[in-house]
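Following are the structures in question.
Next, two complexes with chain A in common: one pairs it with chain B, the other with chain C.
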Partner chain A sequence: MNYVLSKEDLAPFLAQLSKRFQVIVPAKNDSGIVTFQEFSGQEVCLETERLSSPKKFFRPAKEKIFSFAKKKEGYEVKPVFDKTKRVIFGIRPCDTHALQALDELFIRYYGLDQFYSSRRKNTLLIALQCTKACENGFCQSMGTSQAVGADIVFTERGDEFFVRPETEAGRAILDRKLFKQTGDAEPSSKISCKVSLETHNLAENIYRGFESPVWKQEAERCLSCTSCTQVCPTCYCYTTDDEFEFGSGSKSSRFRFLDSCQLKRFTTVAGNHMFRASRSSRLRQFVLHKFSYYQENHGMQLCVGCGRCISVCPTKISLVEIANSIQKQVLEGAK
Partner chain B sequence: MITPEKPELAEVLEVKQETSDTKTFTVRFENPKRQKKFFFVPGKFMMVTIFGFGEIPLSISSSPYKTGFMSFTVVNVGNVTNAMHSLKKGDQLGLRGPFGNGFPMQRFRKKNILFVCGGCGIAPLRSAIYAVREKKEEFGKVELMFGCKNPQSILFSQEMDQWGKQGISVQTTVDKPSPKWAGNIGVVTSLFKNSVLSPENTVALLCGPPVMIHFALIELRKKGFKDRQMFASLERMMQCGVGYCSHCNIGNRYACIDGPIFNAAELKELPVKEE
Partner chain C sequence: MKLASKKAKVGFFSLSCCEGCVLAVLDLEEKLLQAFKQIEIVESRLLMEKVKPSALRLDIAFVEGSVVSKHDLNKLQYIREKSDFLVALGACATIAGIPGIRNALPPGLKEKIKRQAIKPIKEKVFPLTAFVKVDYLLQGCSINEQEFLDFLNKFLHGAKPRLQEVPVCFECKLRENACLLLKGEACLGPVTYAGCDALCPSQNVQCIGCRGFTNDANFESLDALFKEIGLSRKERYNLFTYFNQLPEQLKHLKGDR
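Right after this comes the complex of A and B.
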């Protein structure tokens, strides 16, 4: 059974939820930028265009994973899990696909990342379908324009939301007073993206263009500023580091923080040898990891077509343009 | 609940100063059951935690047949190794592992083995040398070619004398000789002309700096080695050991779970030399 919620009732619904959960909504911060933040009555931003994704609640920029305390008999190692009960409202389809890609690596693939899966298990997702294409998005090409794996899916329809619960847990948090049952068909959430990417044999073709001059041409503009990897909803590469707690005697903690393949230090080993010293090789690593390597290893794309890296790039490097021109080169060369 | 990132407690049994900047640490898990079950193949590595300083990948340099302990041979080059060098007997550290694929030793039976290493690249190969020495009858002739910066930085020189007596032909070369040095001068590939092993029935095991591996493979090919006969242990930045952190990504492979040992045929397929 599907439901309808009037837009006026959204705030009361979220307020109700925040009694039991930490409710996360997209809203403007003090500088007018839309970010995902804890709901405390502020206006929820329903615009499609936004740079931030809810990645920080699953792969935070800095996350404590272990505490080490020196006791008489030796060190005590304790893992630190985030078990906050959370509801994320307004996660877009591309970001739900991004979580699927991360689940593949951290939950389904090799071993089990308990820190990630603890966050994932304790979070309910309320997805908000897009009804308008965003500036640089190419989710249609990547097949990520419809929400997956969310607990509830909202679609805007005039001054109300069409609500489709997907899971038992999602159905349980719908308040029967605010949500009216409906027999209507789901409104269309088909959008037409302005940017498009050729995805036929993408992983293979783009890897065949490994030595293409395009990498060098594009990397001439690259500043290695890491903006692209910061806004990317799937960029998960991390570094661990230990920190002492000063004044505590001998307590220390291990942190995991997001790193970026665009930095030289990412591949620097002892003796100062860098395996990817040039900008072009680092830019190539970013694009190939998204389009080629993940596909070969996991059978799915790591790029979800949100286009944020294109929007944020200060020198207007577009991974779609790179991918399209390399594919074109490779296919023309093969003829 | 399995947490692959969780370090297990271990204690330092012995610290041995090898050269001015290199020490060998002999350690074992504090949990006797864990140590008893601990098993590794030469070439595998451990993630070693120095509490409060961080975690680094280190190859095991001891024999896989000695089960009560394991050794790491560590050069003091960075933040964590510097902290590690201050450890004494009885101090605690954290261990995870073993990780990586290791050398496929069972495939080397009845074959001659040529070890080629540079500097502290001898650490993982020392483990393989012990494995070969332990089951001498299963392998053919063994040669070790070892390149170092200078005579003072030659690791395990006493052990090498012993290996020499046990039938392993050991040859060393240095880049910068001291006045007393009577041995070979030059890069490790300059020793290849002395090898008596015929390439058809020999495997080459390599570990060293990227530039050494690059040129050693070229020279060995010239001698007639086929790509599937050459195995190199690659060095990469690593943070997790389980394929999560992506620091050791080479093409679509990971040095931590697909490597760090790759044969030269695999290396040809991978963008090892990216610049």
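Right after this comes the complex of A and C.
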């Protein structure tokens, strides 16, 4: 059974939820950016355009993973898992696909990353379908324009939401007073993206363009500012570091930090060897990881077509333009 | 250094600067008292009641300020000789900073200043690295207090402190700020080391590079972007040399001044 929720009733619904959950909603921050933040009565922003993703609730920029202290014999290590009961409202289809890609790596492939899976397990997702295309998104090309794996799916319809619960847990949080049953068909959430990427044999064709001059041409503009990897909902690379407290017998903690493949430091290994010293090789790594390597290793794309990396680049480097021009080159060369 | 029963001997020294970085250390207040469980300050003009040069060997010497005179150089060499670990503190010590503006002045003005000033070395202002081995850098104008504490903590526990080596944009994106460059403002974020938690861009103020240029800065591209935004050659020259020395790749900005 599906439901209808009046837009006026959204805030009361979220307020109700926040008694039992930490409720996360998209809202504007001080600098006018739509970000995911804890709900405290602020206006929920339903704009399609948004630079930040809910990645920070699954792969935080800084995450304490365990504390350790020296004992008479050996060390005492206590892992830290985030078990906060959370509801994320308004996650877009592209970002739900991003979580599928992260699940593949951190839950299915690595065995079980408990830090990630604990957050995942304790979070309910209320997806919001897109009814309007965003500026640089190309989800149509990537096949990510419909929400997957959410507990409830909302679709805007005039001054109300059409609500389709997907899981038992999702159905359980719907308040019967606010949500009215409906027999209507689900409204269309078909959009037409302004940006499009050729995806036929994408992984293979881009890899064939490994030595293409395009990488170097584009990298001349690249500032290595890491903005693209920071806003990407699937970029997960990390580094670890320890923090200590003053005094003897002190407690210490290990943290996991988000890192970026665009940095020289990231590609520096023992003996100070830098295996991707040139800017173009680092840019290439970013694009190939998204389109080729992940496909090869996990059978899925790591790019979900949200287009944030394009929106955020100060020098307007577009991974779609790169991918399209390389594919064109490769296919022309094969003729 | 091992987690020692003995307290680490620490000295703070100032060359040519505003002493703002040691002041920032004082700003730590309560937290600094925590650190006193493991350190003992044996020499510092600003942090001690009575100043007397100590003959003791230092485990860590924190040195702020630039080298602008023979006097500074002698002092720096003396500190280096008696210290096991030397940390350059702040923009003046790490990249010549504000005193280093003198290096970018037109010749006429430089002469005028020279007549009034104490004897400069080779007419130029230098960071500490130009003369002695520096073991660690704490950058910024002034330094980030938390970064200072983190360094001290790691050092005292025998862990190897690691330089941040990420650009300001990295931290700016984490704070979910609107990008100033995309708004058409000239910001040095992409070429400047982070560690400040993107303090200035978070207040809607452009980054002017106080933490020094990254080892991977794409100056040509950023300069082209500034030009596109509408900055004149002089404006770009001034921005790039505000805290930093003009990088080799941007020699063309010098013009005929």
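Criterion: the second predicted complex is superposed on the first by the 332 of 335 C-alpha atoms of A that agree within 3 Å, B and C clash if a C-alpha of one lies under 4 Å from a C-alpha of the other, contacts with A are read in each partner's own complex, and residues count from 1 in each chain.
One rule holds for everything that comes next: a contact is a pair of C-beta atoms (placed from the backbone, for glycine too) under 8 Å apart; a residue touches a chain by one contact, two chains touch by 3 or more.
Just so it is clear, the model here is predicted, and its values are computed rather than measured.
Student: If you stack the two complexes on chain A, which partner ends up touching A:Gln230: first (chain B), second (chain C), both, or neither?
Tutor: Second partner only, chain C.
Student: In the superposed arrangement, which partner chain does A:Phe244 touch: chain B (first), chain C (second), both, or neither?
Tutor: Touch status of A:Phe244: both partners.
Student: Touch check for A:Gly299: first (chain B), second (chain C), both, or neither?
Tutor: Neither chain B nor chain C is touched by A:Gly299.
Student: Per the overlay, which chain contacts more chain A residues, chain B or chain C?
Tutor: B
Student: Quick check for you: in the superposed arrangement, does A:Ser252 touch first (chain B), second (chain C), both or neither?
Tutor: both
Student: Tell me the contact category for A:Arg276 with respect to chain B and chain C: first, second, both or neither.
Tutor: first
Student: Which chain A residues lie in the overlap of the chain B contact set and the chain C contact set?
Tutor: 241-244, 250, 252
Student: Spell out the residues on chain A that touch chain C in their complex, using ranges where they run on.
Tutor: 29, 31-33, 35, 51-52, 61, 220-227, 230-231, 241-248, 250, 252, 258, 260, 263-265, 279, 312, 314-315
Student: Which positions of chain C touch chain A when the two form their complex?
Tutor: Touch residues, chain C against chain A: 3, 5, 34-35, 37-38, 150, 153-154, 156-157, 159, 162, 165-167, 169-170, 173-174, 176-179, 181-182, 189-191, 202, 204, 214-218, 220-222, 225.
Student: Could you pull out which chain B residues touch chain A in their complex?
Tutor: 1-9, 30, 49-55, 75, 77-78, 81, 92, 94, 209-210, 235-237, 239-240, 242-247, 249-252, 257, 271, 274-275
Student: Which residues of chain A touch chain B once you look at their complex with the stated criterion?
Tutor: On the chain A side, the touching residues are 65-66, 68, 70, 74-75, 77, 79, 105-106, 109-115, 207, 210, 236-244, 250, 252, 254, 259, 261, 266-271, 273, 275-278, 281, 285, 289, 292-293, 296-297.
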